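The two complexes that follow have chain A in common; it is paired with chain B in the first and with chain C in the second.
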Partner chain A sequence: MRTFWILVRYEWRHFRAAKGLVLLTGLVLLVGLYGIYYGTTEIERQRQHLATLPTLAHHNVEELKKKFPGPADAGDIGYYHTTFAVHHPTEWASLALGQRDVNPYYVKLRLLGLQGQLYASENVNPTKVLSGNFDLAFVLVYLFPLLIIALSFNLLSSEKEQGILVLLLAQPVRPGVVVAAKLTLRLLLVLGLALLLSAVAVAWARVPLDGRVGVWVALVVLYCLFWFGVVAIVTALQRNSAFNAVALVGAWLVLVVLLPGLLNVYVDATRPVPQGLELTIKQREEIHGGWDKPKSETMNRFFALYPQWRDTATIRERFVWRWYYAFQHLGDESVRPLVAAYTDGLRQRFALVERLAWVSPAVNAQVSLAALAGTDLPTHLAFQQSATRYHDALRAFYYPYLFRKVAFTHDDYAKEPTHTFTSTSELGTATSGLWKLLVSVGVVWATGLLLLQVRPLNPR
Partner chain B sequence: MTYILEAKELRKQYPNKLALRGLNLQIEPGEVFCLLGQNGAGKSTTINLFLGFVQPTAGAAYINGVEVASNPLKIKQYLAYIPENVMLYAHLTGVENLALFSSLAGFRYSEKELLEYLANAGLPAEAVRRRVGTYSKGMRQKVGIAIAVAKHAKVLLLDEPTSGLDPKASNEFSELLRRLSQQGTAVLMATHDLFRAKEVGTRVGIMREGELVDVRPTATLNANELEQLYLTYMQ
Partner chain C sequence: MIRSIAKKELVSTLRDRRFVVLSVLMLALLLAATLVGRASYRTLQRERQVAQQTVNDQFHHQPNRHPHRVAHYGSFAFRPKAGLSFLDAGLDSFTGTAVFLEAHQQNSVNFSQAQQASSLIRFGELTVAFVLQLLVPLLIIFLCFNAFAEEREAGTLKLLLTQGVSLRRIAWGKITGYGQAVALVVVPALALAAWLLLSNESFANSPDAWARLGLFGLSYVVYFFLWIVGAVVVSARQQHARTALVLLLGCWMLGGIILPKATANLGANLFPAITKAELDAKVHEDAQKGINGHDPQDARSAALKANLLKKYKVDSEEKLPVSVGGLVMAESEAYTAKVYQQHFATLNHTYERQNALTVWAGLLNPYQAIRPLSMGLAGSDFAHYVHFQQAAEDYRYQLVQRLNALQTSMGYGDKERKLDAATWRAIPTFAYEAPVLGWALGYLVGPALALLLWAVGLSWLGLRAIDKTSIV
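== the complex of A and B ==
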C-alpha cells in the first residue's frame, strides 16, 4: 500500500506539471459552473414566468368584470376567460433540464376544445432547440468522458514511449499497482470535480438533501467509473498513445453520439406515433364542421356522452353557447383514439429507450438524470394528463351554468377550479438506470482487468 | 555454490525469431561479466529475462537463487538496472527523481543522503535541483547510477550503459563499477565497447545468434587478443 500511495502522490505532481491538463480540468470546471448557471437561470426564468400567470388570469377576470358588469351568460365568460394549467419544476430540474425546453411548461386554457390548446405553445428558436440545453447533466454525460480521455489516453503509453517505464518496473513494484495508482489519481480528480460541481448545483438550486442526492451521486460516480473502465481496456491493449487516443475518442463517438442517434432512428421506426399536426387538423375539421351539422345531431351525440343534460330545452335559436361548447367537445372526442395512440406511442417509445438504454451508458445516464429531475417524457405526459383533467373540471364547472341557463355572476369567478402540477422524481426509472450502469461498469472493468491479467505489462 | 546470477538452459522464442538458444551462465558476487556481440545476438534479451520483463520459453533465470519468472517482484529487490538511455521524469529535479525511485525500492533517504548519492555518481552540485528536462544524456545516466547505487542492489544489470557518454564520463562509470564490484556487487553488462569490457570486466562472454559461444577471463587476454577473438566469432 505504501508504494501505491507514493505513486499516487507523484502522479499528482506529474498532473500539476502538465499545464495543458491543468488548464483543461480548469476549463471543464468553468464549463460545469456555466452549466449550473444556465440550468438554474433557465428554471428560475420558468418559475418567474409561471409566477406571473395568476396575475395575468386576475387581469383577465378584471377585464371580464368590466366587459360584463352584471350577471352574464356563462358561455361568454367561458369563451373569453383564460386560465392556465401550470407545470412547476422540482428543484432538481436546474441540474437536468431534460425536456422542459422542448415541451410547454404551462398551457393557456379556455372552455374551447382541449386538443387544439394542449399543443399550442410559444414559438421558440428552432436552432436553440437543435443545439439543446447546456445544463450540468449535459456537462457530466457528454463532456466528462472527454476529460477522462484527455487525462488517461496515455496512462502507461506516455512513460513507455519516454522510456521511463523500464526504470519504474525495474523497481520492486507490481505493474498492476502502477496502473492502479495512475487510475486512482485520475479517478479522484474526475470524481472530485464531478462531485464538487454536483455539490455547487445542489446548493445553488436549493435541492433538498434527501435520498435522491445519493442516487444522483451514484449515477455520476458509476458513469465516470464506466469511462475509466473503457480506459482500462484500451490501456490493457498496450498500444501507443496515438492508437489509444483514437480508440477512446472513437468509443466516445460511438457511445455518446452514434448509438444514441441510431437508437433514436430505431425507436422512431419501430414505434411510429401519429403526427401531432394530423391530430390538430382532424380536431379542427371536426369543430369547424360542427357549424354546418344539424344542431339536433350534434346535441344527440353530446347527450349520449352526457345524458345528465338530455332534459335541457331543444335548441331552436341560431346560436346558443351550449351547442357551441358541445361541438367543441365533440371535436376532442373525435380525435380521442388518435390522442390515445399518440400518448401511448410516446410512452412505448420511452419504454423502448429505457429498455435499450444499456447499449449506451450515455443514454442511460441521460435518461436516469432527467427522470431524477422530473424533466423526462413521462413527467410531461403526466402534466398533459393533469391538464386534461383540469379541462374536464372546467367543463364540469361551466356546464350547469350553460345547460341550466344560470347567470354567471362576479362571485362565480372565485369558484372556478384552478390548476397546479409539480413534477416528481421518477425514482423507478432512475434506480433502474443505476442498476444498468452498474452492470456496464462491471462488464468494462472485468474486461479491462482480465486483459491486464492475460497481457503482462511490457515496459519496452 | 550459490551463484548470484544464473541462467539454466534459458531459451526465448519470439514469434519470428529464436532470440536465445539455451543459455547457461553463472556469475559470482563481485564479478563483472560483460556480454559482447552484435545487435540481435541476444544480449538485451538476456538482460530482459533477468529483469523479468519477458518470460522465457524454456529454462530459467535465477537471481540470488530465486527464480525470476515466478518471483518477479522479489528479484527486483536484489537488482538494479541502468538502460542504454536513462529516461527520468523531466519535470522533476535530479534529487526528486532519485527520491521517487529510492522510495519505490523501499529506501527513505534524507535530502543530505540523496545529495551525497548524486555527488558520488558525479552529478554536478549545481544540477541536482534543476529539472531533469534540462539534463544531458550523461547527466541523466549519472542520476540512473545514483538510483542503482542507492538501492544497494546485489546485482547490477547494464544494457549498453556507456553508449553515448563522453570518454571522461565513461571512465568515471568504469571507476564506479570497480568500486561496486569490490563491495561484492555482481554486474552483468551488455556492451559493444570492447575496451570498456576489457577494462572493467572480470569475464567476457561472446554471444552470436542467441548462443554464448565463448567465455574468457579478461585477465587472460590483452585488448588486441580480445578484439581478434571477437572478430573471429563475428565473421
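== the complex of A and C ==
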C-alpha cells in the first residue's frame, strides 16, 4: 500500500511538471466556469422575462378599465384581456438548460380557443439554438471525456516508449499497482475538477441542498468512471500512444457524436408526429364553422358538455358573446383526440429515447441531467397540460358572467385566476439513467480488468 | 516529381488497412446520411404540401361569408423545404413550419422540429453536411498527421531531398495524393446526391438547383483542401507524429465544437433580443396611435367618415357608395402592418448582430465559414427563413387588404350582408417562391471570402514555413 501512495505522489509531481497538461486542466476549469456563468445568466434572463409578464398583464387591465369605465360585458373583457401561463425554471435549470431555450416558457392566453394559442413560439434566434448551449452539462458530457483522454491516453505507453517501465518493473512492485496508481491520480484529478465545478454551480445557482445533489454527483462521478473504464480497456491492449489516442478519440466520436445522431434519425423515423399541423387546421375549421351553423345547434352541443348552463335564455340576437365562446370551446373539443395523439406521440418519442439511452452513456448522461433539471420534453408537456387547466379555470371564471349576464366590474379583474407552474425534476428518468450508467460502468471496468488479467504487462 | 509523390501517397494510403476501414465507414455514413436526408425531406415536404393544399381548398370552398369574417378565418402558410436541404438541413429543424395568416396581426411561425424532440436533438443531426464539415476533417487528420514525421523518422525524407526535390514540392505532392484519397470518399456521395436530384423532375430541370449543388461541392473542395494543407503543415512543423496528432485533434475540437457554441452564446448575451410578449405589447401600444378598425367610437374613424361625406358630397353614411367600415379596416391594417414590420425588422436586426459574431469567427475558424456557406447554398439558413416569413407576411397583407376592399365595395350596411361563395375562389392562395441563387449569394460573400482567405493563407504561409522545417 505504501508503494501505491508513493507512486501516486510521483505521478502528481510528474503531472505538475507537464506544463501542457496543467494548462489543459486549467483551461477545462475556465471553460467549466464559463459554462456555469452562461447557464445561470440564460436562466436569469428567462426569470427576468417572466417577471415582466405581470406588468404587461397589469397594463392590459388598466387599458381595459379605461376602455370600459363602467360595468362591462364580460364577453368584451374576455376577448381583449390577455393573461399569461408561466413556466418557472427550477434552480437546477442553470446547470442543464436542456430544451428550455427551444420551447416557449410562457403562453399568452385569451378566452378564445386554446389550441390556436397553446403552440405559439417564443422569439428565438435559430442560429443560436442550432449551435446549442454552452452549459455545465455540455462541459461535463462533451468535454470531460476529452480531458480524461488527454490525461491518460499514454498512461503506460509513454513510459514504455521512454524505457522507464522496464526500470520501474525491475523494482519489487506489481504491475497492477502501477496501473492502479496512475489511474487513481488521474481519477482524483478529474473527479475533483468535476465536483469542484458542480459545487460552484450549485452555490452560484442557489440550488437547494437536497437528495437531488446526490443524484447529480452520482451521475457525474459515474459518467467520469465510465470514461476511465474505456481508458482502462485501451490501456490493457498495450499498444503505442498513437494507437491509444486514435482509439480513444474514436470511442468519443462514436459515443458522443455518431450514436446520438443515429439515434435521432431512428427515433424520428419510428415515431413520426405529424398531428401538430393537422390539429391547428382542424381547430380553425371547426371554430370558424361556428359562425355559419345555426346557433341552437352550437348551443345544444355546448350544453351537452356543460348542462349547468342549459336553463339560460335562448339566443335570439344576431351576436352574443356566450354563443361566440361556446363555439370557440367546441373547436377545442373537436380536436381533443388529435391533441391527445399529438402529446402521446411526443411522450412516446421521449420514452423511446429514454429506453435506448443505454446505447451511449453520453446520451444517457445528457438525458438524465436534463431530467434532473426539469428542462426536457416531458416537463414542457406538463407545463402545456397545466396551461390547459388554467384555460379551463379561466373559462369557469367567465362563464357565470356570460351565461347569467352578470356585468363585469373593475373589482372583478382582481378575482380572475392567475397561473404559475414551476418545473420539477423528473427523478424517475434521472434515477433510471443512473442505474443504466452504473451498468455501463460495470461493463467497461469488468472488461478492462479482465483484459489486464489475461494479458500480463509487457514492459517492452 | 509532384505527380509521383502524389501517386506514392495515394497507393500507400489505399494499402493502409486502417484508412480503408475508416473511409469505407465514412462513405457508408455519407451515403446513409444522403438517403436518410432524402427520405426525411420527402416526408416533411409531403406533409406540408398536403397541409397547404388542405387549407387552400378550405379557403376556396368557404360558404357565403362577410369578407371580414374571411379575413379572420384567414389561411396558413407552410414553409416548403428547400431543394438541397436534404444535404444540409441547416436551421430547418429549429425554425417553425406553419404560420397562421389572419387580419390585424402577424403570428409566430410555429411547430419547429426541435419543439417536437427531446434534448437528444441538441447533439446534432446526422446530415451530409455534418459528415462533410466535421467527420471528413477528422479523416484528413488521421490521414495526414504523420505525412512528414513518418518519413523523417524512417530517414526517407533525407533520401528524397538528395534527389534535388524541394521540401515544398514534396509537400505539394503529398497534398495532391491525400486530396485524391479524400475525393474517393466524398465524390461517390455527391454523385448520389446529384443522381437523387436528377430523379426529382422539378429539380432536374432547374438550373438554380444545379448551380447550388455545384457551388456546394466547390466550397467543400476548398474546405477539404485547407484541412489537408493545414494537416500537412502541422505534420512538417512538429518533431513527432504524436504531437502533430494531438495538436490537430485539439484544433478540430476547438473549431468544430467549442468555438461555434461559445460565439453563438456570446452573441446572444451581448445583444439580447426582445421577447414575444414584449414585442406584442409594444406593437399594440404603437398601433393604438393609428386607427382602430374594430372601434366605431374611435376619433380617427369619425374624421375619416367626415372626409368621405365631404368627398362624395352627401350628408349621411347611408348615401355613401362605399362602406366606411371597410375603409377604416383597410387604413388600420395598413398602419398596424407598418408598426409590425418596424418591430420585426428591429428583432431581425438584433439576430443579425448576434449572428455577425459567428460570421466574423469564420476568419478564425474555417468551420464557421463553411457552415453558413453550406446552409446558404442549401437554402436552409437564416436569410432564407426570413425570406419565407416576409413572403408569408406580404401574402397576408395583400389578402387582408383585398378582403377589406371587397368590404368597402359592399357599401353601407355591409355587416348585414354576405358575399357569394364564388368570391373566395377568385382569390389566389399562398404559393411560396424560394429565392434564387443570385439572391442568396449576397449573404454568402463574407463566409466565402473567409474560406478562400484560409485556403490561400495556409498554402502561402504554411508552405513557406515548411521550407524552414528541419529535415532530421
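As a convention for this text, the second predicted complex is superposed on the first by the 459 of 460 C-alpha atoms of A that agree within 3 Å, B and C clash if a C-alpha of one lies under 4 Å from a C-alpha of the other, contacts with A are read in each partner's own complex, and residues count from 1 in each chain.
Everything that follows uses one rule, which is that a residue touches a chain if its C-beta (ideal position, glycine included) is under 8 Å from a C-beta of that chain, and two chains touch if they have at least 3 such contacts.
Treat the numbers as computed from the prediction; the structure is a model and nothing was measured.
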Partners on chain A (chain B, chain C) - clash or fit: fit
Partner chain in contact with A:106 - chain B first, chain C second, else both or neither: second
Chain B versus chain C as contact partner of A:411, first or second or both or neither: neither
Partner chain in contact with A:288 - chain B first, chain C second, else both or neither: second
First, second, both or neither for A:170, with chain B first and chain C second: first
Winner by number of chain A residues touched, once chain B and chain C are compared: C
Chain B versus chain C as contact partner of A:133, first or second or both or neither: second
First (chain B), second (chain C), both or neither touched by A:14: first
Shortest CA-CA distance in Å separating chain B from chain C in the superposed model: 15
Chain B and chain C footprints on chain A, overlapping residues: none
Of chain A, residues touching chain C in the complex: 31, 34, 38, 41, 45, 49, 52-53, 56, 59, 84, 98-99, 102-104, 106, 108, 116, 119-134, 138, 142-143, 146, 150, 241-242, 245-246, 249, 253, 256-258, 260-265, 267-269, 272-274, 276-278, 280-281, 284-285, 288, 291-292, 346, 349-350, 353, 362-363, 366-367, 370, 375-377
Residues of chain C defined as touching chain A within the complex: 29, 36, 39-40, 43, 47-48, 51, 54-55, 58, 63, 65, 69, 72-74, 76, 78, 90-91, 93-98, 100, 107-112, 114-126, 130, 134-135, 138, 142, 146, 241-242, 245-246, 249, 253, 257-258, 260-265, 267-269, 272-281, 347, 351, 354-355, 358, 382, 385
For the chain A and chain B complex, residues of the former touching the latter: 3, 6-7, 10, 13-14, 17, 162-164, 166-174, 456, 458-460
Of chain B, residues touching chain A in the complex: 48, 51, 53-55, 73-74, 76-77, 79-81, 83, 85-92, 100-101, 103-106, 144, 147, 157
